[in-house]
Every structure is written in structure tokens, then in C-alpha cells.
């Protein structure tokens, strides 16, 4: 193997005071396969530089905007130039940053959601295709080993035919007006920065993504009821969605940011005709499998045999809990492998899956279809993906 | 005190081979306040007698039908005559048996559902009123101390304003065609014996009842999606309902009999603007309370101070689990107290609550409104209680 | 079958204000197989009568002392006379009451501990033998279905060879001096009424009994460290015991009444060379089985197949929790079956096991050996059962 | 701020095929505060180089032994030279490597145990003192935020006076003879590489360390019962220890490597006279606090207010689980802060605690005192720390 160096990453956004940028950096650093080499951490040049220096970067590679970064980095020698950008800005910049980076010839790892609208997501799909570059979307929860194992179990027929799915994502952190004052909260509730949905756009989409990933089924029709429970809000902070998936499978999704006392309670239950599975993100290392008229079993990471893609996603022996950062790091590590494979002109293996442009389009479609259904008096709304379902 | 004897109970249904009759007898016996003195255990006279004898009853008081029982018991002296009947027949006989017993001057404790239709429930309400007798309906889950405590917490404002409710009742016992062969299963799936719904009529109605009891809110509109997941069934075996309660509170209800691996998983979560509560019937002695930005607490029966109606509903010190039969017995014991109060011409206290004709009407209304909504293409269906919402 | 009536029980102790008498009555009543017909509820004649009347007994059969009760009941006709006595007095009366009842020709169901000393227990064993009557001891926890299933699993070799056992019984109710004022507490801390040990005598002995029952192994040597954590107490309120069981198996037992925040936390873990099992009394309907390098399983009552003695010990379908009273009732119901078998001159089947005089002797031996070891500077103390190990 | 670069780390041990070296590297990398710059990964020069290259190191800084590494690194310019070594060799090399590094003027972060004997640990304490350098010992479990919070609660008096402690560390991975074949297992069972104890030396010492850290109490006397449950083993694979801590507090410790089905089950319960706390490493983000006659509470990382040292030890908001690597990283991050403080001639703050030479001595003392007690027939053995308690 002639590979000599870590994969070089540039970051767009994530300057001092940012939260999610730091999480991406933990995730990228954990496996020592990726090195942060430059960044446009803030649109304020001074802040970008001070942020970069606090990260032990060379001042010269702390840029004041991503256009400048893409331009200058492009001129650096192969062995120095960043290889991909990690986009961790507020939502409304994800699309322009990704577009610019791809068009400048860089791979992109983007924070979620990919864009502000379904239309943009469809456009981005074209841009990715044309660029020939890799595009990853950090649907972090897919990085958990037990999420992968759940998918394996369903693929292998352990559950039989899936017949009912219940997915929930409950948080309580936006339960009161006072909670809106934080930086995290304020932009999420502002249609200009967050788009047409707060709760469904921020977390409902994770739940839908998790459901489609694990079951391999897709939403075909849905019926949504969204609300702005805290008075005065312009966007939803709570909602329920009834769905029919592929094969007519019934499913329901509940998402809330006003569920007082809930932390980050993403949970899924999938019922087949032979068995069911139950997973909760807050205790991610266990997966409960309940069989008809038999004792239930609790699969635990590291205990017994798992398929390779599950084993790859764990780092330490049984009983040493792995968490959110490890799941996140699994996406980054797989992305690094994909970049190496790309540069070696090899096909990335299924063991190194990273959610990407497919999930980007489905995610934006989910948000717009849910909002469209909520505006309608009809019980059922057909899920469309190739144009916006919203009233013009 | 001049009270000298136990309250005397007659039973309609519940002969050998019956399941629910036995549970009622355990519940009635537990506190030694009620004595089974007679029964029309089966429409087969011989079976009724053999059933009664196996229960150590005098053969003379083992009747071959409830008409005969009501007639003969009415002629017995005050100190011997049964004081109330416990109705534990299949569903379609609940109404005629209750009607006959009330009209013959006996109090009635009926298994759920009260009737086959909303119309009958409304009629029964008139009969109860006219009879001046007591009518109890065994919505067993309301007998759990922690269900009562949940209600107390909400009444006392601990949760603040209720804003979201999620109630679920998941079972897996009807997951396959083979499961239909048992006696328990077969009548539930037969429209003639079960009425217009299997899953919602059998268990969904418990979930709705629990939600309305605990929160003090009522369903105002709903949107239902029911399914017969196992092919060939005439009635629903799975369904979801979105609801708006009093004050526009959003709620959802999920019920299933095909949720493979679930036992008897009734669970409720109520989110207020100050705190939320979480209760599961399978671990009934704990009630989790989660407060905004504070550590959650787990209330346990017997630990600390509770209001009298909660304390009354527990029998043994903390850490000695109480279960389903104890909850059921709480209804019977309260009913016995109500009978004593009735005979002493006293008002029954709130501490001795037994669900009754009010719950009977709401329960039948729930079933019919859910079925009506399921038949409709409109998203929202208005919940009516004074006439059937079903298409004629 | 010519059996016509319930088994008739008389009670010694358990008058108004008593706690444990009420629990015994619930347990005896639950299955409608036993009828309370008389009692010497209190040494105060008036209180005994008022207690009995509150239980709907005939005043004539409310006796002022057990001697009187045994004498008069003996004179009643076969079809009226009580068939066994339930002894629910304070500890120091268990032995004399049992002795008198057995010698008067009545079966005995005694609350635990059987006697005040090992010497008395050995004497009682002779009395039982000579009387030819049945003697049951309410080691309640053996009535739980999952405790029976645990025993079945070990007997059937599911765990392989047992290699390590950890049993604990932790309560917090005697954690402070103030806690001593209750009636329940005061006699337990008084050597005259409780004997030579509080914590080990009251609850440690339950833990030892559970361990020996489930594993089928017996304590051979032990090393005890007892303490009176709350100052001024004459008896132990906390302690740990290291043990070697049959075959040299290592085991440890921890018991405490000052474990603040614990309710009634009896729990056992048994490690074999193939699998281990984990049971907690506070969630009695689950039994966790962990196998080497395999997913663990959770057995739940009513789910799947169990041996007959386990199935017999459950009353309702899966997911309807059964609790402490049901476990207790299992002992009474089995005792009723044993009495019927006895009267029909049949051998009682293994399916209707009730702890008895064997457990009585081992329990008293446990208490005295633990206290003896605690007094010794030697690490290991040999467990003796046929004479007191205490220094004279 | 003039800090310009990451802290530079060299590694001793941890070459390809090693397990613990990788964990240390994850931990050191997570926060991007430390950079691996060199290593003597293996005593085999070629393997050391190939290991280092796989870690993207400059071949020149991949040394074939630590003596060479210390010598050459010492000659490098300040801005390049490693600042500390991380020692991740098998146990018997910990002491010589640490000694050499300290004497060569480098800070040391050592895997546990610090040495092979108590005598060496005492000697190492002198070396550390003389060197004036920092010495850290990776008692990883002290890095968990809830372990820190537990300590804070006890320090602040929330539990009142501690009266009973139960600590357990149960694993099942060495349950059978077949399990001994792995590289991990074989050296642990070999007295030459592992020292005088397997189970107590490998994991019992973690349990003791956790107990002393959280409670602030120290073992004063103990009584140990160790066993080699799997036949033919030269060292213990299971054991129990009864202890008296400071103020005579009773405590017990159980450790096992043959507890079939257990993963890495380190758990502690501390009972005070006001409240108790309960923590389990496998669900590290929760800490249960049970108060006398009050509902218990469950503290969760990120929910509510915590002291600074707890908050510092968490990285992401509530509900995003953090695990073992994060706990480990907390030690490395604190060590990096200490190094910066050291170089700036500042006192490290209590917020950046790293276990060190104090814990090294206590840990080795624990192992030797437990083994000495196990060899003795006396019940109690006095815990000594300044000389070996072992028979010579």
C-alpha cells in the first residue's frame, strides 16, 4: 500500500461558539484517519483565523470565506491540498457551499439537511452527478452498529415480512418560550434560516431516514398533523405522521421538540410477522428482538457474531459503551475509506456506507410532503420526490 | 358498626373453560369483602351446575340462565339474596344481562365493553338512571395505584397544561392465522360476537379510556387508520388514531394485536408544559416523572406520601409488587364499598371510584367514531356521543 | 369428585393493626379454595372478637387465645371444624403455637421464622414427624413462578455447573433511629421478640433460602461480617456473608435494612459454566438468562412454554403482571391441595411444593451459624445444623 | 494566548495486533489536543516501523525500542520533540518504561497497572518525585462524568455519612478453558507477565479504585476469598473481598472473569444515611440517587446543572450518549491541560484531575493485600501500603 498520509479535510463553518462543528471535528479525529488542514470557519475573517488557530492550524489556511478557500486550496500541491470539505454552517448555506465545493472538485461531507428545499436537493443531485465527486450527508444515527444490525436482521428475513413500524423522535428542549433564546434554538425557529419546518425538518427527517434505512421500505402516502404548540411560533414544534410504506405497510412517526423531559429520544420499533425489533438511541448498544411466543433476546454490541459491517462499526470489546461520537465517526471513517477507494479508482464496498445524495433528496421530500399533507383536509397525501408537493 | 356480612355476588357467565370469569372471581375474592353466592355460569344447565359446584356453591343456586337466576334470587330473603351481579359473558350478552339485572333490582358489575353498539350504551344509560342502581364497568387499568397517582398529579397541576398525549396498547397474540383458533381469539374476530371492531373494540378502547381518565381531557376530533393485517380477517387487528382533545391538545393512540412479541403493552405518556409522566402497565408500580431541565424522578408505590385514593389502592409495603389482579380487585373492593354506602343511603366518596355508565357510553362512542373515521377520506372526524356516527 | 367445600382455616394472630395477618388472608382468599372460619386474633379477647367480626366471622369462633381455639375447634363436627391454622403472631409465639396446633391434630401454616432458635426448630421437626400432620412455612419468595423456573433451568442443566452465586436482600426502612418507632420495627430490634439477629433473621434468611432452593446447593462453610450500623441497636441491621456451597461453589450474601432508598430488593444471580440467570423480586415476572458469547434472553411469565409447576404458579396471560400476593397465594393454594391429598391419603405431587420443616431447620441454622461466624476471628466457620453453633 | 501546537505524544507499545494501544490513540485523538509524533510500537524494529507507518508517522520516528526513542527524541528541538510518552505495553514493561521516560525528562501516561509489585510502585513514586515530571495512570473509569458527579454528591454531603459500599466488576470472558487462547487472555493468566493476580489485578483493582475515588474513603482492613474457578489456572479468576473503610464503613467487592454472560459490568452502590447512589459502567450516563422515603431520581448527563468538573467531562447535549472512549479521552485531555499548565509553570486545577502515582501505589497495595488475606486463615487482614504484606 502506498498510502502515506491522512485524508485532508477543510471545514466550512464551525467557528468558535458553534456547536455542531466541534462534533464533526471529534468524529473526524477519533480514528486518526483524517486531518483538519484548513477552514473557512466564519464569514468574519478575524474570527475564522482565531478559530483556526485555536485548532492549531496554520494561519494561512484559515480563510475568511469558502469561495476563497476553494480557490486557494485548489492551487496547492496534491500532497497538501485538502481533499474534502466538511460543511457545518447554518442550514441555508449547506447548498451553496456544497455546490461550490463540488464544482471546485472537492468531495463534500455535509451536515444535514442537504438543502433548504426539495428543488435544491434535486438540483444538488445533478451537481453531484456531474462533478463525479463523493457527497456524504451526516445522518449520524445510521452510524450506530445496532442500527446496521437491525437492517441486517430485516434483510436476512429474521423478522419475516414487516407489517408495522413505529418511529419516534422526542425532545423537550424547545418546550418553552425561554428556550428559544439560545443560538441553537433561534435559527431553527426562523423560516429564513431553517426552511418550512422546524420539528419535522430538524428531527422528524432523522426518524424517517432511520425507518427507511432499517426497513428498506419507502413512504408512499402519508397523513400529517403538525402543530406550533408554543404560541407565537411560525414553524412546527410537534407533529405526528401516519404513513403507508412499500407494500402498504402501516407506519407512524411522532416527532416533538416540546416533549418536556425528553432528551434526544429517537426510537424505532419494527414488527414483522415472525419477530419485532426495538431500538433506542439513548441506549444504542442494545437491540431487543422479540419473537412470537418465545423469550425475547437482547443483542449487545460485541457479544456473539455479527456481520462485518456491524463489527466494523464497533471499536472496543463488549460492555464498553460506545456512543454518539463513535456513530458519527463511523460516517467519517467510511467517508475516508471511500475517498481512498475513489483515488485508487476502486468501488467502495457496502461495508463503508455513508448516507448521501439519495438520502438528501428523500429527506427534503419528506419535509415538503409532510408540510403539504398538514395543509390539506384530505386524509391521505401521495409522497412525491421529483417536484415540490407544496402549493405554489 | 352493624355491618355483619360480606357483599353477596352472583355471576353471569364464567363457567368452566372461561378465562375472564376466573379473573373476576380472583378480584372479587382478594379482599374478603365479597362472597360469590350464586351464578348462571353457562346457558347449559348441567355445565352451570358443575361449574358452580367446582366453586363450592350450593347446587340450588347454580342457575341455568340469568333470567331464572334473577327471578329466583329476587324471592330470597334479604340476608341471603345476592346483592349484585358480575357479568362476564361474551360481549353480545353484556347488554341484555345488565338490562335484565338492573330491571330486576340488582346492582351490576359488567365486563367491558358494556354493549355491542353506542345506541345500546345510550339506552343502558337510561336504564341505569331509571333503576337507581349502581353500574360498574371493569376498565381494570384504572384500578392501578399509579394510574390514580398520574391523575392526581395532573389535577394538582404538577405537569402544567397538558400539551401532548401518546397512548399505546400493543399485543402480539393475534399475529398469525394459527393464533385465531383459541376460544379467546375466535369470538373477538367474529363481527356477530365482537361487534364492528376487534382491535379498537377490545384494547383501543382501554387506551382511550386510560387517556381520558388520567388527563381529564376528552376526544373532540380524530383521524383513524385501521387495518386487518392478517389476511382474511373481517375486523381490524391494528390501527392508529390521531386526536385532538379538549383545548385542542394533540394526542395519538396506537393499538395492535399483531405486534409480534408484545405481551400486553399498554403505555401512556403525557406531556405538560412543566413536566411529563410515563407509565407502562407491564411495570405498573412505577411512574416516571420528567421535568424540564431537571433530573427525572421515579415514583414507586409505597415510597413517600400519596393521596388517599392512591394509598387505598395499595395493600403491601414498598418493594412488594402488586399486579393486575390487585388492580382488578381495587374495582371490586370499591364497588363493595359503594354498595354498602348505597344501602346505608350515603354518597360514595371519590376515594372509591369505579368506572361506570359514563365510561360505557364514551367507550362505545370511541369504537364507532374510530370506525367511522376509518371509512372516511376526510382527515378529521368529529367525535359524537349521542348518536351513532356510522353510515346507516 | 366428592369434594364439596373449601378448606377451612383458623388464624392465630393477625388482629386489627397487624400487617402480616392481612397479607396471609389475601393470599389464602385469592383462589377461593380456602375459607377463614375462626381465629384467635389477639390475646386480648375483646380485640380478637372485634377483629373477627370485621372479617365477617361468627363471634362464637373468635377466640381469645389459641389454646381455647384448638380445644373448642377440636370438638366441632368434621364438616365445620377448621382444618389448619395459619400462624401470624410475632416470632416468639410461632413455635408454641405450631407445637400446640400440631399436637391438637391440626395442619400448620406458619409465618417465618419457624422458631426462635435452632434447638426449637429441631424439636419442632420431631413434633411434626410425630404428629403426622402437614407443616408449611411461608418462605413467600419461593411462590414466584420465575423462581420456580430458575430452579427448573438449573435442574435441567441449562446453566451447566453452578460456579458462583450472589444473593442480596436490601431494604432501607430501618435506616434511621426514627424508623424504629413503628410497630413493625420495634419488635424486630428487640432480642426478646426477634431472637439473636434482626437483619439476618428477618431477611438474610430469605436470601439464603432462595439461594439454596434455586441452586439445589447447600451452605457448607461461611464467613460473616455483621454490623449494627445505627448506633445503639442491640441486633444487626446489616451484614455480608461469604460462603462455600456444595462442591465448593463460592457464594456471597448481602443483607441490609439500612440501605437507604432500597425497598424490598431481593435479587439473585447464579453463574454456571454455560449460562447465568438473574432475578429480582421487584420485577418478578422476568428472568434474565445470559449465555456465553450469545445474546441474553429474557424469559417472561406466560411467554412460551414452561414446566407445569411454573405454569401452575401463574394465573393470567402474558403481560398482566402478577405480584407478591399471587406468589404468597401460590403457597396457600398448594397447601390446600396438600391437605386435600392428605385427606384423600394421596401423596402430594412435586407440582404443589410448600416450604416446610426442612426449610425451618435450615433457616434457623443459617441465622445461628452466621451469628457464630460473626463472633469468630477465624475466616471460615463450618455450617452445622444439628446443634447450635453458638458459644454457650 | 501563545499556545501554538498540539501536545506531542510518543507511544511505547501498541503495535499492530495490540488492542489497548488503539484505544489509547482514540482517546488521545478525540479532542484534537494531542498529536502522536513517534513511537516504539514493538520490540521488533520492522514491526514498529510498519505500525508507525500505518499510523501515518514519519518512518524516522518509528523506533525499535523505547531506550532508543527516549535518547533520540531528547535530541530533537523543543518544538518537535515529543512531550510525553504513553505506555501501553504488557504489564511487566510498565515500570521500566515509565522509569526510563521519567528519568529522560518526559511526562508519562501509563496504562494500568503501574508496576508488577507494590515495591516497584513505591520506587516509582520516588522516581516521579525526583523527576519533577507528570505521571498519569489510566484508571479510565474515573473519566466518566457521572463518576465525577457521584464524587461531587458525596463531597457535598448529599448522601450524608457513607455507611455501606458495594462495588462489583463482573466479566465472563475467561469463563472457559477455550477462552484462554486469545492474546488478551494468555498473558493475564501467566504470573510472569501479569504478576500475582489475574482477576484482582486486572479488574478488582479498578473496582477498588472507583470505590476509593467516589467515596473519598480508604480500605483499612479486608478479608479476601479468591479462587481459580477454571481448573488448572495459576492465578485467580474470581473473588470476593469484605472490607472496612475509613471510619469503619463496611464495604464489599466482588470481581469475576468467569461470570458467564457478563460483559464489563462494573457497578457501584454507595449508601449514606440520607441517600444512596447507584452507577453502572454499562449505562454510564445515568446516576440513580435514592433518598429515604422519597421518589428516586435519575441524574443524566446534560440534564440540569452540574459542577464544572462534570460539565467539562461531557461534550454533547443531553440524550447523545457518551461512552468509554470519551471517558478515556477525558483523562488524556486533562493530561494535555496539565502539561500546558506545567510548561506555563501553573498549578493544574482540580477540574483537570488525572489519576497518578498515588493511585498507582494504592492499586498495587490493593492487589498484594488481597492476595495476602486470601492466603491467611485470619478473618481480617490489615491493609498496608508502605511495604509488601506478602509472606516472603
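Labels A, B, C and D are assigned to the chains in the order they are written; within every chain, residues are numbered from 1.
Quick note on the criterion: a residue touches a chain if its C-beta (ideal position, glycine included) is under 8 Å from a C-beta of that chain, and two chains touch if they have at least 3 such contacts.
On a predicted model such as this, the values are computed, not experimentally measured, just so you know.
S.K.: Select the chain at the greatest separation from subunit D, using centres from the mean of Cα atoms.
M.R.: B
S.K.: Using mean C-alpha positions as chain centres, tell me how far subunit A is from subunit D in Å, no decimals.
M.R.: Between these chains, centre-to-centre, one finds 35 Å.
S.K.: How big is the gap, in whole Å, between where the Cα atoms of subunit C centre and where those of subunit D centre?
M.R.: Each chain's C-alpha centroid was found; their separation is 44 Å.
S.K.: Averaging only over C-alpha atoms, locate the centres of subunit A and subunit C and give their separation in whole Å.
M.R.: Computed value for the inter-centroid distance: 56 Å.
S.K.: Which positions in subunit A touch two or more other chains at once?
M.R.: 262, 289, 296, 300, 303, in rising order.
S.K.: Which of line, ring, star, complete or other matches the graph of chains that touch?
M.R.: complete
S.K.: Residue numbers of subunit C touching subunit B in their complex, please.
M.R.: Within the complex, subunit C touches subunit B at residues 4-6, 19, 22-23, 25-26, 29-32, 36, 53, 55-56, 171, 173, 262-265, 281-284, 300, 302-303, 315-326.
S.K.: Name, in rising order, each residue of subunit A that touches subunit C in their complex.
M.R.: It is residues 289, 293-300, 303-304 of subunit A that touch subunit C.
S.K.: Which positions of subunit C touch subunit D when the two form their complex?
M.R.: 163-164, 166, 172, 175-176, 223, 225, 227, 229, 238, 240, 242, 250, 252, 254, 256, 258-262, 269, 271-276, 289-292, 296, 376-380
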